[in-house]
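This report refers to the structure that appears directly beneath it.
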Amino acid sequence: MLLVFVLATGIAAVWLRNLLASAMLLGIYSLLMAALWVVLDAVDVAFTEAAVGAGLTTALMLFAIWLTGRQEKPPVRKPWFPLAGALITGGLLIFGTIDMPKFGDPQAPAQVHVAPYYLENAEAQTGVPNVVTSVLASYRGFDTLGEVTVVFTAGMGVVVLLGGLRRRRRTDET
Amino acid sequence: MDVLGHFNYWVAIALAMVGLYAVTARGHLIKKLIGLSLFQTSVFLLFISIGKVSGGTAPIIAEGFTVYSNPLTHVLILTAIVVSVATLAVGLALTVAIKRTYGTEEDDEIEALDRAEDEQ
Amino acid sequence: MVLDVLSWITISAGAFFILAGGIGLIRLPDVFCRVHAAGLTDTVGAGLMLTGLMLQAGATLVTVKLVLIMVFLIFTSPTASYALAHAALLDGIKPWTKADRKERKP
Amino acid sequence: MFLAAAAALLATMALGLTRAFAGPTVYDRVLAVNSIGTKTVLLIAVLGFLMERPDFLDISLLYALLNFIGTIAVLRFIRQRRGPVGN
Amino acid sequence: MKDYFVLRVMAKLLIPFILLFGFYVQMHGDYGPGGGFQAGVIIAAALILYAIVFDVGPARRVAPMWMLVALSCIGVLLYASVGVATMMAGGQFLEYGVLAHDPAHGNHLGILIIEIGVGVAVAAAMLMIYFSFAGRR
């Protein structure tokens, strides 16, 4: 049920030509996604989605739209070629899912490799009942260091692109 | 081969198709970014669907539960969401910079301006 | 037992109010009326439903969190409605009046 | 009982979604975002009870706190933009 | 935006709660859902609310740009320095077990410290992004 909602919202967000409306639909999309993560047991992911989608994405989108333009121009070309490309890709991917294990199968390859080890040993080895946190920070700490660096680099990149630091320096001098 | 067993994967793929279409067919750069974030969420959905174990609960160890969903995919996606917002912000900043330089944010017009500059 | 029945009653009343709000969201003629429907029934419906959940939970930490959710909802929901209606007014959208209905009818 | 409440919430979310898709003005869509946000708060709380893991309530608490920031951002957007008034 | 009485009062009322909730999420991430990433975003959201209601200027005085840049650097470096510290203590990079006598305690401590690093870095980076968008006129 939620999945159908999510799909419909995604399609509508692409369909509409008014960018403000698209941004709003993206907000709804994020809300539905958060509910979906809760249904699929991914509580931490839902938490992140909630924190990010509730204020941050909408505000950023609105500011970007304010700085550029509000309305999208109608397309010049007919979009048959991209549509065909998307459909062919989707068809191939669906063909690929036929071999995949059934949804929620406890014997699926993803479930039997390292996850049981984490689930059994995480609390004893780290003293942290939330397995997601312990895997995030301890077992895959190196990974997370990389992710933090990516976020840091993105922040710096935006500041440099939009000239935040240069403006500041100029106000200091005057 | 049953429909319900693969429905989640199919929705993820449909979302990926929508995102791909938006990225390739739409000329407006912000619309392309929206398509990009749809594509990203489709990947998230695929991962979380793989990680779900039927009958399991959230992977926070508590008394009275024995079956938990796979925490590994949750970890990967959790960081990916924050990173996706950061990349979205970089994309928006690039769009703003392009708007400032070219005066437009439509794909075709930017290309036309580039071509005109080359010919000069 | 009494608590169970009471919580069922409140939860179903909350669900009824929320559904009514949803129908109002569809049926009412313009933004301002819809703000009214959504805002009013959201606070009442959400309040009733959270009260029902509280009765289910009993006196635990869960109840404290539910109370907090309710308090914050009661604070934020009208603020959002206010901001939204003000934004719509600023953008030059005229509130719907009886005259519009006469125009629309034929 | 929780299932019935969740079903009612889902139905209302569907109604809100139709308003968001059909909404003639942008504000209808903002309103739909807002109201679906409240429904999500309730839905997550009810789901937490349904799955007997009430510590999910943190998420709905977070949404209850943060959900109105988007709407206020819209108000600010409208105030700052002195451009043409359109759809 | 300052002339909206309702918004001003609501913002002043809610921002402390949002900040408090952010810190709660940061510290409670071991036992419930949450952690550094989420806490960072929540704290950033509180300041963004302040910036929306009271304009960007005062918000920038609360958290000036140089401070944000420094904070995000400090966050990343805190994370990395935990790794270096474990190496100094005789373990491998980011092997927290050597931080305390008991490996489990060391792990717990290491997780707490790096979560704080993540939270600081993410909050500062998000605020940097928002301020550079909002500061352009």
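Lettered A, B, C, D and E in written order, each chain numbered from 1.
Everything that follows uses one rule, which is that a residue touches a chain if its C-beta (ideal position, glycine included) is under 8 Å from a C-beta of that chain, and two chains touch if they have at least 3 such contacts.
Please read these numbers as outputs of a predicted model, since none were measured by experiment.
Any chain bridging chain A and chain E, meaning touching each of them, is among B, D; the list is complete.
Touching chain C and chain E together: D. Seen from the C-alpha centroid of chain D, the farthest chain centroid is that of E. Counting C-beta pairs in contact, the chain pair with the highest total is A-B. The most central chain, judged by the distance from its Cα centroid to the centroid of all protein Cα atoms shown, is A.
Centre-to-centre spacing of chain A and chain B amounts to 5 Å, using the average Cα coordinate of each chain. Centres computed as Cα averages put chain A at a distance of 29 Å from chain C. Averaging Cα coordinates per chain places chain B and chain D 21 Å apart. Counting partners per residue, chain C has 72, 76, 79, 83, 86 as the residues that reach two or more other chains.
Across the assembly, chain E contributes residues 7, 14, 17, 25, 31-35, 37, 41-42, 45, 48-49, 52, 122, 125-126, 129, 132-133, 136 that each touch 2 or more other chains. Counting partner chains per residue, chain D shows two or more touched chains at residues 13-14, 30, 32, 55-56, 58-59, 61-62, 65-67, 69, 72-77, 79. Across the assembly, chains come into contact as A-B, A-D, A-E, B-D, B-E, C-D, C-E, D-E. Chain C makes touch with chain D in their complex at residues 8, 11-12, 14-16, 18-19, 21-23, 25-26, 31, 34-35, 38, 42, 46, 49-50, 53, 56-57, 62, 65-66, 68-69, 72-73, 76-77, 79-81, 83-84, 86-88, 90-93. Residues 55-56, 58-59, 61-62, 65-66, 69, 72-73, 75-76, 79 of chain D are the ones that touch chain E when the two sit in their complex.
Against chain E, the residues of chain C that register as touching in their complex are 72, 75-76, 79, 82-83, 86.
Residues of chain E touching chain C in their complex: 4, 6-7, 10, 13-14, 17. By the touch rule above, chain D contacts chain A in their complex via residues 10, 13-14, 17, 20-21, 23, 26, 29-30, 32-33, 36-37, 40, 43-44, 47-48, 56, 58-59, 62-63, 66-67, 69-70, 73-74, 76-77, 80-81, 83, 86-87.
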